[in-house]
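Submitted below is the structure of interest, expressed as structure tokens.
Chain lettering (A, B, C, D, E and F) follows the sequence in which the chains are written, and residue indices restart at 1 in each chain.
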């Protein structure tokens, strides 16, 4: 039982990850895929951040007094990862606009049909 | 003084050139700057290989912070070898790039194109040079993002969807890698690969470690286009501009293979990787499937770029097969083929760039009678193809030879048969090309119209390298064997 | 000019409130930052608008106090409506006059209406506002002479 | 406890996103998702990360997706292909992770290995070694500054990629309709003009106070860009473009990255390792201070310029062929 | 004595603020169409936000935090009605009318 | 204590807002919910800062207070310029 509570946090992240991942691989709409990708990535970010949490700790900005701090390293890593996520999203959106211009649709299936009919 | 900073300069030099490219207005300077940066990187890689060969591991602490706290560059023979592959392919490709780019890419995009190209190079070099697991992820994303942009520049609209598909799969792969790295960090509290290697044996029993390994393996396999996760590769190589195809085919997947090797052998240790999971069987199964499936697919393609893209998937099968043997000759075969495949694919895609330059497309119909109209180009394609088949006196033969030796050593005679059968399949698709080129005449009577020399010479440089290194093997085999021994030496978990 | 000075003063106050580190280095950065913002402001033609609304608003504490009272009153009104077991609301659109010479008065008018619960400005036209109201009462409050009076004072204020 | 509730909300939103068809609604829900994530980050002590999420979520990502929808279409079609295979893949992935969790250290356990090895050094030494009380900034801009350089490069790369993709599709001057801004709304115009100076100043504060509190170059860059995005939305894209011509933006994008690399090169020339700030001054702490300051400035410049040019690129795409 | 008074005041403000925030959230659910919900939601945050922020201000005492809190409140009071107005206008322009049925309205929104 | 109560009240209010966002029915209801949610998060962050004795984290609340309304303006802009209507209409433009 105690494992359940100890790991509950992780399991929610895993659930989120799965939902995001499912959206990416099952949906045909290009924009929605990217949103799924974002959810997937955010879940991973949460996983990292939660492993840095220390019980009774506080944010790793040094204050006066005897305080315990949470682990700063995951925060640094995830800062970078968020930036990478934004960059990927921006690029993907630009690609989607171009695809829409070239094909007139942003549904994967329609695109496949158009390509196949060539 | 400079020599001690080589590891970081290796990556930083092309990186500086990238924003400078954006600022340059004169297009002739653009090419000169890019080429110079790439050439300098190649020279540095060469020097690093010498240094690593003589003094073992070169460690460079960035920012002056000692290893597990700061980021460390750790160059050994393996890194340096891969760095040399990447930089030399990039340099030769750039040498040819000018004409092809002038034709395929609108002028307003040149600064950004060269910038992206250099960023891609930077990313690939950064992945290879670093000794920090998270740093791998960051540079992986640099190279990925820039390659999405490069691929999308293809003139066919399918380049866009290819790029999108690659983006989605690549990001999934990168996120899997991120999960894997996160789990490793969770177990050990460190991100430095060397430090990880020393701390992981203590937690070898952990289920978390196993799932970290699974995520890293799948994530890297996505980037590596290991069968059946290769779906992004054929489209990406087919529709991107020809220079980009040549560059990516020669470098991107090779670096991914390197990352796989690094994680399996250095971080997890061969003992762990091969004892906990039936990795030998998994790798061999996937490799055989890749060889068979992709080679057969290649035979049925009508677009020649696509044909060679499928052949790349098959060749990656050979590369992976070598890892599965877990022996010096197997790994040597892997590393040799890493180099050799980069050489032949870059040569082939550059020859295709020549064809594209004159014909505007690379369908089978464009090749008809090419043996007469573009004899040198077509000769390059044929020689590259023969190297792909593994005909003696080409580099392809050397790596296949080592692979067969490794298979025989361990008594896997079925695999020997499969390797030979794979070569046979390769012979079939290369023969289809030869037949079109020499024994069919083009419908229209094209005058003899060879590709411009600036494209042809770099192509032939690669073709000749294919042959020269197939005859004088001391250079590549030496480095490959050294690296393979080093990897297996680490298999015991000890430090080199 | 007067407005630029006032805006600068506000920005200085904002910086001091945020910073909390009053050493030479951050103070210099603060001065540079404010200078940069003011420069960009000028480039964006933000403060050469004839009347700067923030400054006008800040010079009208009486209006603020009156508005605050109105907000509280209507908050209570709407809160009661929400808790009533049976919904007793009369949602309606209405155009109300807003005959102000200056845009800024109309902006204040419109935003004040929106700020008070129960009424929302939907459209701002030349001299009318289209308002949506939750109940008859809230609508009546808008048309009360009191609001007009307050706004007239605002209009005269320079 | 609080984060468990917030996580529950998050799960609900994620499911809703998966089930909805209206992309516009999905984007809005995604906005809530981002807000919740920021809340969770704060409750897990990751204030810097929450700050980033807040800046990105409120300032740029929603607007980018909205612009994309405006240029494409709103409704998603009903997918017709089978959902079994994806479901299987997802379940296998999830199962692998759940299996992995079984041996994980308990959540927020101070004895977990993550808190034992590298991190204590940062927490105990970083302030003495770098003079920065915000450990996240210290690690980000000094210990792992090379990663951060990679991060700026990623942003730069994405900026170039977006320009490569979209710049050929810019509308011409005469096509610019007066409808694409909100300048005829007095309310919006006044409020935007009132807010912009404060947004910009706040961004600069975030830029320069990353040492002491949450924030730093990246967040500052995004907020600064958000100020101009607001300007562009309300006053007009054309006016914003007049302020930031393409070449000026290119120049800014490149100069931020070059500044970052330049700091590394200078430290190399002064005899230290790449990005070793200690060599900048006789007193290593002073050197660190300058190094971190310059590097963060580089990040801020590149991020601002990239975000603005990405926004402009998206806004200027011709709608009709 | 003063301290106790202040802390009571702060508590009272916070409690009222919380109560209002709940009230308007319920209104958001209960009201029948978009415009009426609008009255319940975004706009009313102004008072509820004001009360809670003032409650916090009293807790913080006179310090920089106070100023920061007041700035937050100020900005909320400027941006929140603006956003509401923008939203109402967008809805109105898109043809969303109260008189029409919900389904019709949402389909042509 | 009172702070905790306030935080919980805000969480409940968030939950109710979330329900509205999920139910819709019109897109504007959802945007409205997002907006309200933003204000709630601002307040929550403020209260949480005091709850954990780190009121210096108000900066995050300040970010939202300053820039969260921009995306709502963006929505209006796209409606004004007729970009966010049904795809059919757009083709004919």
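One rule holds in what follows: a residue touches a chain if its C-beta (ideal position, glycine included) is under 8 Å from a C-beta of that chain, and two chains touch if they have at least 3 such contacts.
Note that the structure is a prediction, hence the values are computed from the model and not measured.
For the pair subunit B and subunit F, chains touching both partners: A, D. Common neighbours of subunit B and subunit D, listed by label, are A. Averaging C-alpha coordinates per chain and comparing to subunit B, the farthest chain turns out to be C.
Contact count check for A-B and A-F (C-beta pairs in contact): higher for A-B.
The mean-CA centres of subunit C and subunit E are about 15 angstrom from one another, to the nearest whole unit. Mean C-alpha position of subunit D lies 28 Å from that of subunit E.
Each chain gets a centre from the mean of its Cα atoms; for subunit A and subunit C, those two points are 39 Å apart.
Computed from the mean C-alpha positions, the centre of subunit E lies at a distance of 11 Å from the centre of subunit F. In subunit B, 134, 138, 141, 145, 148-149, 152, 179, 185-186, 191 are the positions where the chain touches two or more neighbouring chains simultaneously.
For subunit D, residues that reach two or more other chains under the stated contact definition are 47, 67, 69, 71, 73, 97, 101-102, 104, 112, 114-115, 118-119, 122, 144, 147, 150-151, 154, 157-158, 161, 165, 185, 187-188, 191, 194-195, 198, 202, 212-214. In subunit E, 24, 26, 38, 68, 71, 75, 78-80, 82, 84-86, 89, 91 are the positions where the chain touches two or more neighbouring chains simultaneously. Considering their complex, residues 13-14, 16-18, 20, 71-72, 75, 78-79, 81-83, 87, 89, 91, 93, 110-111, 114-123, 130, 132, 134 of subunit C touch subunit E. Residues 185, 187-188, 191, 194-195, 198 of subunit D are the ones touching subunit E in the complex. The part of subunit E that touches subunit D in the complex is made up of residues 75, 78-79, 82, 85-86, 89.
Of all the residues in subunit E, the ones that touch subunit C in their complex are 20, 23-24, 26-27, 30-33, 35-36, 38-40, 43-44, 46-47, 64, 67-68, 71, 77-78, 80-82, 84-85, 88-89, 91-92, 98. Remark: subunit F residues 7, 11, 14-15, 18, 21-22, 24, 27, 30-31, 33-34, 37-38, 41, 44-45, 48, 54, 56-57, 59-60, 62-64, 66-68, 70-71, 73-78, 80-84, 86-87, 90, 93 touch subunit D in the complex.
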